[in-house]
Each structure stands twice: as C-alpha cells, then as structure tokens.
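In the two assemblies presented below, chain A is common to both, partnered first by chain B and then by chain C.
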Partner chain A sequence: MSVPAIGETRRTRQPLRVPIVILIAALIITGVAICAVLGERIAPDSPFLQRLAVGDTPPSSVHIAGTDLFGRDVLSRVIYGARTALVGPVVVAAGAFAIATLLGLVSGYLGGLVDSAIMRWVDFMFALPVPLVAIVVVGVVGGGYWTAVLVLVVLFTAPDTRIVRSAVLEQRPLPYIDAARTLGISKTRILFVHILPNIAPIILAYVVLDFAFALVNLAGLSFLGLGIEPGTPDWGRMLFENRNILFSNPVALLLPAGMIILTAVSMNLIGDWLFERFAK
Partner chain B sequence: MAIGLTRRRILVAGVTHAALVSIAGTFAIAPSAKADEQIESVTCALPSVPDTLFIPDAWMTYTGAIMSLVQEGPLSFGDDLALGPALADRWEEINPTTIKYHLRGGIKFGDGSPLTADDIVATFKYHMSPDSGSQLASFYNSVATVEATAPDEVTVKLKAPNVQFAFTPAHMAGFVFKKEQLADKKIGTPEVLPLGTGAYKLVEFVPADHVLLEARDDYWGAKPVVKRISFQAIPDRPARLLAMQQGEIDCTFDLAISDIDQWKALGNVDVVAAPSLGVYLLTLDHSAPPFDDIHVRRAVAYSVDRKGLVNALLKGNGEAATALNPPEIWSGVLPSDEVRAFYDTLLPNYAFDLKKAKAELAQSRHPDGFDVTIPASTADPYMVNILQSVTENLKQIGIRAHIQQTDNNTWFTNYINHDRLGMQIMAYYPDFADAANYPSLFFSSANAEKNGMNGSNFKNPEVDAKLKIANENADPKARAEALKKVFQIANEEVAVVPIFWPATAMAINKKYKLTGYTAFWYSIPWAMRGFGLK
Partner chain C sequence: MNAVVGRAGQEGPLLKVEGLAISDGAVPITTPLNIVVERGETIAIVGESGSGKSLTARAIAGILPPGINATGAVTLDGVPLMRLAESELRKIRGSRMSMLMQDPFTMLNPLMRSGDHIDEMLRDRPEFASRFARADEVKRRLAEVGIVDEDVARRMPFQLSGGMCQRVALAAALARDPELLIADEPSTALDVTTQAEIIKLLRRVQRERHMSLILITHNLRLAFSICQRVYVLYAGSMLEVGDAAAVERQPFHPYTLGLLLSEPPVDIRVPRLVAIRGSVPRAADVLDSCGFADRCDWAKQICRTGKPPLTALDASRFTACIRQDEIQGELDALRTAALSAAPMTPRRGETAGALVRVHGLVKTFVGERGRPICAIKDVSLHIMPGESVGLVGESGSGKTTLGRCLVGLETPTAGDIHVNGIAAADFDAMAKADRVRVRRTIQMIFQDPFSTLNPRHSVGQALGEALGASAGATSPATAERIASLLAKVGLSAAYATRRPASLSGGERQRVAIARALAVKPAILVCDEPVSALDLSVQAQVLNLFRHLQVEHELSYLFITHDLAVVRQITERIYVLYLGEIVEEGPTERVIGNPQHPYTRRLVASIPRSAIQRAP
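And then the complex of A and B:
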C-alpha cells in the first residue's frame, strides 16, 4: 500500500479559490433566495395592494420601480416574485434529478434489457421539444403553475438520466466496484453507497444547470399566460402583464426581465464552475 | 420698362390667371379625386377570428365585424344608429303585431343567384326553430309567423306587440342567408362559406386565424372602395400594436382604451373612438349554491371597485356602471339625466366597500367563504384585468376566487351553453339601442336556459311581467315605468353585478379615414360607411 507524499497531500488540501464572477453570481442567487424566503416581510409595500385610483405610474420616491396598471408596487412584486422564480425551478431540478439518478444508476449499472428499455424511453423523450410540449400540456390540461412544474420534471428527467448513466458507466469498470462485488456487497449498496457519492459532483453541477433552464422555461410559460394565475407576483407573468404599460412605466417590464436574466445567468455560471471544478 | 395697361393686356392677363387658377385648383382637389380611388387591399386585425362564420353558431362582435360586410338584413342602422332601409326599401307596421317588409328588386347573393322573399323567411324560421339551436333565437321569441306574402314582400306576425323586434332585421339576427345553404350542416366552415347579399363575398377562411373578403362587382348599392379586405386574428395586444407600427395591418378594432396613448404614439395611426353602449358585468348563478344566497351576491357586489377600474383600465374613457343599461340606451324612453337621477335612487347602491362585503358574507350560508373559478376570454381587452381586481378583493373577504383564462370561442360557448355557470364575466355590446334590450336578455326567465344570455339564471315573475309591458307597449312613459321597476328588483336581488360602461375605439392607418365608426361597428358594413383614402 502506498502512502501519498507530504507535498501531494498539501496540494489536494489547497484552499478553494472561487473566481470573482462566481462570487458575484452566488451573491445574486443569495439575494434572490432571501427575497424568496422573506418575501412580503422585506418588500417596501404589499405586492397585492391595489391602488386603482393611482394606476400605472413611473418610478418615484414613493414607488422606486413605479406601479403597474392596478397601482401595485412593482418592486414589491418583483421581490415577492422571487418565490415562484426559485421554488418551481428548485422542484423541477431536484425532482428531475431524483428520478434521473435512480433510472441512471439502474440503467448504467445493470445494463442489458433494463438499460435498453430505459434508454429507448430517453430517446423518445429527446425527440419531444420541451417548450412546445409544456405549452400544449399546460394549455390543454390547465391546472396552473404546479402542472407546469410537473410537466417540466418529466421532460427534464430524460436528459438527466442519460447524464447519470454516463457517469455510472465510467465508474462501473473501476477496481473499487470489482472489489465491492468480490466482497459480496449487494447491488443496492454498491449503487447508493459506493457509486452515488462518486458521481454526486456531476449531479450537483447539472442540478444547478437544470435550475437555470427550468427558470427560463417556467418564466416563458407564465409569459404566454400559462401556468401562473393572473395577478400572482411572478417575473414571467409580470413580463406578460406589464407589456401593456411599456410606455408609462418601462421599469415594470425591465425589472422582472432583468431578474430572470440575472438569476438564470448566475445559476449557469455557478453550474459551469461546479462542473469544471468537481465533475471533470 | 413701364408696361401700360390696355384692355387687351387685361384680358390676356385675366385669361392667363383664370387658366393658372384652374390648373392650381385641379391640383388642389387632387386628394379628393384620390379619395374616390379604389383601394387594392386592406388588412384588419381582430383580437379573435371565430371558429365558424355561421352567425347562429358564433354570435360575437368579431363575427359581426366580418359578416356585416358579407351579409345584410332587411333593414340597417344609419350612422345615427336609427333604423334605415337595406334589402327592404320600405317597411310598414300594418298593426301593432304585423310588419311588412317590401324588398328591393334585383338583389343578388355572392354566387349570382337572386335574393327572394323565401330566403328571408327561411333565415327567420331558422332562428325560430328550437332544433337549430341558434344563439340568436331569443330575438325571435315574440314572432308567431313569418311568410312570403308576395315575391317581394315578407310579412311578420308577432304573438303580441313587441317594440324590440323592430330592430331584429337590422342586426346580426336579421342577416339573410341563402335558403339552400341553411340546410347544409357544414355552413360556416371553410368548405361552405356563407353567402350574402352584401358588398363583399367570402373567398378564404381559416378558422380562428384569418378571413379574406373580395368586393363584388354586382353589388346593388354603392361600389365598394376597397377591393379586398382581410381579417387577421392577433389576440396579443402589443403584437397588434407592433403589426400596425410595421405596416402589416391597416386597422384594428376593439382597442383596450388603456392602450390608446400607445396607439397614438405610433404616429402613423388615427384612433377613432365612440360611445359603445356596451356593459361589463358579472353574472351569478341564482339557481345553485353559493350564489343562490342573496348575501353572497351582495358580498360580491360590494367587492367590485367600479370607479377604480374605470380609472385604471379605461383611463376615464367610460363610466362606472350603477345598473345594467348605460344611460344613453334609454333614449326614446327617458332622457339620460332622468336615468341618472333614477339610478341614484337604486338602493342599496353597492358602492365598493369591503367591510360591507365581509358583513354580507358573514350573514350568508358560507361565512367561511368558498372556492370559485371564473372563466375569462383572453381576447377581450378588459376581462382578465377586471377579474384580477375582483378576485383580489374577494380573497380579502374570504372568497377564494380564481381566474381561468380561455380563448374567446371557448369562453362564450361555455357561457351560452349554461354549462356550470357559477360566476361569469360578460362583456356585452348592444345589437340595437333600446332600453328593454339588456334587461330582456339578462333578466327574463325565457333567457335563463341554454342559448339564453341570462347567465345568472335570474327568474322573477314580476320582472317578466314588467318586461312584457316594456316590450309590448310603444308608449315611452309606460315603458319607462315598467323598466324602472325591473331595474329596482334586479338591483335588490343582485340579478347581475354591473362593472362599467366603456367607450369603444379602433385604430386606422393615417392614410385612411373611417367616418362611419359607431357603437354598432360589428352590425354595419363599416368599410362602406365613409372608409377611404384621406
């Protein structure tokens, strides 16, 4: 048995150097997360309070981002809207990867007929255009935001399954798996105790990327009037509803649009960095 | 060099000046000559194009905007909204229950076949037949018989005198179909496009997408100014705005009043506005819980911020509705100031008051509130926005109200089928200006069934009796008294929850003009009413 040299040990224990861009991205996501958790408590005004007599107004000292058609404070609605902006994508990313991890582990490790069946299903799902299917299903079935989330969970599962399977296939021929088999460890234990921790960084990196895709998809559905119910503070829905007051209060449109872009880009950057740092 | 004035020089100068003035004058009136030119094509956007062009199955303003150019009734509305001749060059009331329509000669359908009295009889009978399921059947409830009493004469006998029937031959309910086509089950589809006697004929129809009309050379009236008119469905308001900005469309109807400033800012557009005589309202199904409870209905009535909605959504271009009828629609029965004075006496007045709303709900059988889903057409400029405000207010008193967005056709089909009515939002624009029109549609027991507009299923024998008086009696005073009683009862019972009376507006490219835009733009051949180049 070889013992690593002192120098090697020191190299592996080097402090994690995080690029400034990633720090900024993390800061943005933290800010959004705080808004999502605290919502109404940190908003300067109630996001639901209507002032019909006031109507849509441009930014002012009273309403920093102005008001919408119903006289509701735009900034408060953007802050409160962080909740749907985070919750849905988190559920989509976590849900899709939970299912995909299970399927990918089984598919990659067992191989054979099970692998073939799961991969053919993945191939089928790959043939479906995600936004279009989501629009059709949510439009026809109805059910609002959570239907949209459920549809995206199902649609995101297929590509995620393929990623997990690939990672498992890399691990399967490695000596530690052979050793585990030789020791008579059960397949379930090998999958969840030995393989899963080794592919976890890859999963984590892709979960973050899934979040960003889910955020954009859900915002897109809300923009099309699907998913979120009218009146709900939601960035995509605000984009849709505030288009009609573009001339009187452009901030009502630009602020939620900016938040969607910032959040999605930040998550993408973090996901890419995690992938580069841990998965390669 | 001095030039002396001689008689000859004065004569020459005079003739020269006259010639120059004549030439200059010719150039000066050139735009007028241009205005008489035929326009090759015009594209108009509508928030929605119907699934069918068969009016009995698609009685909507957008269907009317298209089909009023293709079909005509025996009568028509003038720019002053008064009745005027159309297919019938004259009509006479023989007695209070008998009306004769004398048809013009030489009128042809779009396929060249002649219009006959039988076509008019067949059209009226189609609406009257319970088997047809016409959405316009209620306009013929008072008709006993209709027959061709001569090759150019149609006689209608009413069961009893009915003031409102006089208008039926002028709006969508009176648009005449070719008799043979009415037997075709596919009428209204792209395979069987309805024929009409109007200035245009249908040449292309893709349901819910677009319609193309072509001017007829053999039209009996004035020559159409525009050769081809196409209607394109653009449900999205900003998309319509951009289409106009890019010059992809030349005109559009049913603008959201709140968008008017944006339209004016385009620069290449004229916005034409007129009083609409329309009304937005909520209907509450009296026949089933929870709205069978008067306290629940009152709670809803108190929860609508009418004045606020007029300010926010109409930018003041409309009026908070204190009753179903806009005051102007009472003209001929009561002056509008007297109508307003009468409306002020209606108690309770249901001014926006969430405390009163909560108190009413607490007295109801549903003190803890309930869930309700309200369908709304996304094509309508105000419905979803009105409901955003209403549902938020209802949530504050404990009623968990949700908005279900649907396309225009689905929304209206559900409503007219009386399919799980519950709470509905309705936008209604009148087919004619008569004080008894709205109450007859929304308050009479006869319309509290499938294909009837009484979405509240409101039934009251006294209201029916008073409506009978208002419909059968030509005396304005008697009608006014009867209708006042109807409105008092409807107000006390919360038959409907009126929201606002909006103005109507359309946008048109600056190079064109449309002088005949009125509240009835969907019932008159608008492209034949002062449309042309400026």
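And then the complex of A and C:
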C-alpha cells in the first residue's frame, strides 16, 4: 500500500491461539512444578530410605522405576529432585535478568561513558567459557549448589545485558521518548515507566530461555560432582550415581536424563513461542 | 520502438477490466470494478490509503500477494489475463504491460548494477544477443529517462539518489516497450522537486511512445494535471469516474468535492479548510451502503439501504451518488464559495520581543570515520508571540535537526537559542528552574502518529503524565482536566481509556497535540505533523492547528516540505536548503514571488493548485 494505512491497521486483534505443542510443554512444566512444591508428599516412598540389602532392582510393582545401588526408590528421588531442578534455574534466570535489565536500561539509554564501561565488561564476560568458569569457581571456592547458582547468575548477566540494551536502543529514537523528554519527565521515569513496559515481552521471552540453559548447566555441574551435596536427590547427580547400574536398572539413569531433556526442551519451546508471539 | 509495430492497430480499448473484485479470504477489499484504458490514454486511480488502489493495480498485473484473490475479467488487447497460466502471463508482463512501484530503493535489486536491470530485460530479444549491442541499448535507454552520465549504468542502486533509482527503474520497466505502464505512486517516496521531475519524465515518455498509462495516486493535483480520465476509488468502490477536466470543474460526488476542498490550495490562503469528518472505513464494513455515507453531509436513509451503483450521467461522467441530481446545486455552491473565499491578510511583523530567537546556529554530527557532517550551517531566525512561522525544505535540509535543537533534543555545536529570553542552547548547562520554564514554553509535535504515543499507555495515562510534568504538580491530573484537554483537540472524554493501537492516525496526532498543550506552551514546534495522514484527515488536523492558534494565542514553527500546507497555516516562512536559510519573508510573498533559485524550483514542483477557477 502507499501511504501508511491509517485507521485500518491493528483494528482486529487476533484471538490468542496456543499451538498444541506449547500446551503440552506447559503441561510438562506444570507437572514438574507440582513435584517441586509437593515433593515428599506425593512421592510414593521416601527418597532417602536406603535398603542396602535390596540394592539395585529393575522396575517392579513395588518400585515402579526400580531402585538404585543403595536400594532407594528411583521414582521418589526423581519427583523430589524436581525441586533442585527448578529452584536453581529460576533463581539464575530471575537474578541474571534483574541485574541485566538495570544495566541494559542504563547502558542503552544514557550511552556515552557509562555505556562503554558496561559493554566492555560484557565483552570480557563473553570471553569466558561458562561451564569451565563454573567448574573452576565451584571447585575452588566450594559451597556447593548455591555457589554454582551465584556463578551462573553472574555469567548469564552479560549476554542478557546485551539483549536488554539492544531492545532499549530500538525504543530510544522513537518520538514518544522524545515527547516525554520535551515534557521534562525524569530519566528514571522514562526508563521504568515508558521504556521498560515496551521491552518487557522481550525480557520475558529470554528469561524463559535462560531458565532452560541454567537447568542444563546446573545438571552438568551436579553430574561432575560439583554443586549439589552427595545424597541429595538431584537429576544431574542421579545420572552420575546411577551410571554404574545402567544394565541392572536402566530406568534409574534414563528417567532423570529424560526429565532434564523434557523440562529444558519444554522451556525452550515456550520461550521461543513467547518471543515469536509477543516480542516481535 | 519498432517492436511495437505489428501488435498495435487493433480496435477497441487496450485494457478492459470488468467486475474485478478483490478479497482477502472471505473479506472483500473491493467491490466489482470496471476500468477501461484506451490506447495512448493516461488514467488515474485516485484514492486514500485503504481504498484498494494499489491492490487493484496488482490484480491487473496479476501479482497479488498470497492469500489475496481476485475475480472478474482483465482483458489486455483481447487477451483474457486472468485465465492465462502463470507462464503465459510472464510473457505479457514486462513486454506488453509493465509496473513501476513506489519505493525506488526496494524496487531495484541491491546486488545488481543499475545497468544490469535494463540489460536483463533486453536479453530475450534476438537483436540484442551480443553484449555490446545490449550495452549500447542500455546507454540509449538510460538517455531516454534523462540519465546521460554513462557511469550510472555501472553503479549499484545504493550509490544512486531516489530520483535516479526511479529513473533506472522506469528505464527497466520500459525496456521491452510495453503498451501499458502501471505506475503505483511513482513519486510519493521522493523529494518534492524530484517528484516533479519524475512526473514530467513519465508524461514525456508516455506521449513520445504513445503508451497507455495508469497512474495510481493519492494526490488529486497530480492526477488532474497529467491524466485524461480519473477514477475515484473509496473504500473499495468506484465513486466517480470521468474526464479529469470535467471532474475538477464540477465534481458530481460529495467525496470528490470533499477531497478537492480539503486539499490545501497553494495559491491562496483560505480562512478555513473544508474537512471531511471521520476517516476511511474498511470495504467490508460498508458492503450494504454507500461507502461514504457516514462522512457525507447529504446522506439520507436511502444512501444506507444498499450500495449505490456507478451510473452514467453523460457519455464520459459516472457517479455513484444516488442523490446527485438533488444535491448538485449545493455541491456547486460550496465549490464556488471556496473559490471566492477572501484570502487572509498576514500581519506585518516587528522583530523586537521575539518569543524564540536563534542566532548563528550550527549543528555538526560526527559521520563515518569521524568525518563531520554539517546538518545546519549558521542559521538565524526569530518567532514572535502568536506568530505562525514555516520552515520549508526537503529531506536532508536540516529542518528536523533545527526543530530538535529548539526543544533541547539535540545540543547545537555553536550559536545561541533564546526562548522567552532564556539562553536555551545547551539544556544540560541550564539551571533547573530555567530548564523547566523553557520546557513549559516550547513543545514539539512529531511526524509519525504511530510511534508518537507510548503503545503501553492509555490516552489518559499519557495526558495525566504530561499534566503532572507541567504545573510542577500544583494540582493533580484529575479526570476532568484530562477531559478538558481532550475537548480542546476535539475528542470526547471517552478517549481517555483507549490505547494508541485502537486509534486512527488523525486521532493519535490529536492526542499528541493535547499532550503538548498540557504544559500550556507558548509555541509548538510541529515537525511534518500532517504528512503521514490521509488527505481528508489532514485538513481536519490543520483546522485544529489554526483553531488552537487563535484560542490559545499559540506560536508555531511549522516544519514541512509541503508548500500548500505551509501556505494554509503560516504567516512567514524560512526556506532551508542544505542547512542554510536561502530565503525568508511573508508566506504570500515567498510563494507568490520566489527569489532564490531553490525556492523557485520548490514552488514550480507543485503540479498545480487544486482550486482551478472555472473558465
């Protein structure tokens, strides 16, 4: 069309249609979340009770997913393990984006020296390999799970800052910002009342994607024996502990592995969909 | 043009479009349309945005976007185009019928040299089998569209200006000597002076080749100035068809009259533009009534009981107004009244006590590899209280930068700006109290109505914030104060809860004006405030500006490229060219008797005034 089509654009808002894949993904995440909240209350057996005399057994009517080397019920451990699988990534995603939003807004809007300083820091962080730094820091400092979470928060902040900054730069030259400036509205208000709501969809989409990355990273650290304390039911840790009984009770290995993949993929799908739907 | 011989010479019109109806799935975009183009004739399809004019052009050429389909019959020289297979159609496109699009930059392949675009079209011809023959022909073709610099053929599209690109595109479209050229807003994306050149070129080429031309445009002046017949399209229906001269002299449909009257005339300043209220409806919403009924002053029940057909009044005139015979007298009277309206007399200005005074302003940007780009070079101007001043120039003249410097969005490199006696060149260096006072004196209206409002804030929130920012919060932004602000710009209080996405362009621009008025400014800097609006809406907003000027004793700095708009709203103008003021003076004098060559070119580039006096 020629001149911008005034008055006819966006008059009809399409009703929100959620694809079936996204519904399934959301269902899986809800299931994992319920397990994380209720934990031992819905687990069929205690996740900690050891039956050394029983040892590892394949799935049976008593233990649906069988038992591990110490005779602990695998299904209960997987249900209980949802807690560490969710809490850490949630903290990482929320924490990283809280910091990144602040830095990105300031960096993108103010520009100049502040922007350069923040961006050089981001560049430096980009040069660090995430898993390696996490392994070194957690290994040297110790402190287990929460140290790992903290390290990931710091490492994830860098790319997220860049995302927020570029979103801010997109809004910055728009006339509504200029109009607010000519009205003499304060910088803080422009940043948080005008710009932030407009870039919120992008942030939300990336928070979800961050969650999936954090989940895989934390599981990886647990597998390496860093992070979670031995004995605590955790999906990554279970991969490590049960790798020796792969042939006597494969479910003890495949179930937590499957859960990691399912949760991460579900979160990724939801994040991608949110991005396509709202942030573009 | 030897190739044309042998095809032409048949009887009947070149192009016949019968019952062409376009729809988007089940949603109709146009009602069945009939269009006839004789050999060697130039017709215009005139319509505002959303009227379906571009899609009609695409339907004729058979290049509708996916999902949009058309029914009916398009016959080119006896060949039914709509029934042809794509492979057959491709042989016709380009060789018998070509298209010229609006945006010259996206129409050319960015990775192909400009000469190759023409070369590509010539390849099929046996006489241009050799590379050298083609190179010679490319040179000849470029010369035909006024490009004599041989180097142009070797340049990439991005190295050419918009006007040059459009010339190359025209040469490519003409390379196979089509009998019919469809030009879809060929000049809209260009600067005013370039626009005039391209139109002149199009007209010359059409005459020389005795080619048929369909010009798709929203610009009535343009249509009347170069076309023999005019089709007026509105919300997907043809409202009036006829001889260009006859339609211009005596329009038969209220919409055509409204369009003629709402287009600001260049030659005189009318006391009040006649605006058509409301905005263009969608075709699907007006299936069973006259599309214009809701905006028409003469609409009766009968207009809403069915779609009025296009009926012939004489051999060459058609109108879709069923009440035409009853209301023609009134239409003619309105037209005469507009023609005889007394021009407004500008006040003769003094310069002491200026509200805004700019002296020796320079703004330099840092360009590629630190190279300085001079946007404004030594500009001085002043604006008196209550005075409306125009700043005219093409894109790249620095007019927007100047406006942004005035409101503190840019800091000038050198020079002084005094607003109400306060030095306001560098907003960061000013005392806070001064800054607040300047902000309350000068406000800005932006060009793009779609991004001038925060999409996440309701109208009420936006105005409330502006009210809070203004008075130093002496009184809270109550619902009544928001309602009274909305009333000032002609909107009802109910708009406070609406979001920008649900408003039309004109409504958004009104809200933006209300927001600027919240701080009770003395002067508004308006950067092309109506250029993105439909013609009929543009007149409404211009009237609002005038009305507000009287009511609030506002001053304006009206930044625009449109001399007709400037004529209607300003008393004095400055002409800005490449960052320098080349001419200034009372609007009437500068437009009536331009001195500087650039101003003369600018004035000459307007096709002609919409108001043509009856012979």
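As a convention for this text, the second predicted complex is superposed on the first by the 267 of 280 C-alpha atoms of A that agree within 3 Å, B and C clash if a C-alpha of one lies under 4 Å from a C-alpha of the other, contacts with A are read in each partner's own complex, and residues count from 1 in each chain.
Here is the rule we use: contacts are C-beta pairs under 8 Å (C-beta built on N, C-alpha and C of every residue); 3 or more make two chains touch, one makes a residue touch a chain.
No experiment lies behind these values; they were computed from the predicted model shown.
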Partner chain in contact with A:Phe192 - chain B first, chain C second, else both or neither: neither
When both partners are placed on the shared chain, which of chain B and chain C touches more of chain A: C
Which superposed partner A:Phe275 touches (first chain B, second chain C, both, neither): neither
Chain B versus chain C as contact partner of A:Leu246, first or second or both or neither: first
List of chain B residues in touch with chain A within their complex: 237-238, 256, 258-259, 261-262, 265, 305, 307-309, 311-313, 315, 378, 384-385, 387-389, 391-392, 402-405
Contacting residues of chain A [partner chain B, same complex]: 48, 50, 52-53, 55-56, 69-71, 142, 225, 229-231, 243-244, 246-248
Chain C residues within the chain A interface of the complex: 48-50, 53-55, 102, 184-185, 188, 216, 218, 279-280, 282, 404, 407-409, 435-436, 439-440, 442-444, 446-457, 465-466, 469-470, 501-502, 504-506, 512, 515-516, 518-519, 532-534, 537
Contacting residues of chain A [partner chain C, same complex]: 1-8, 10-11, 174-176, 178-185, 193-194, 197-198
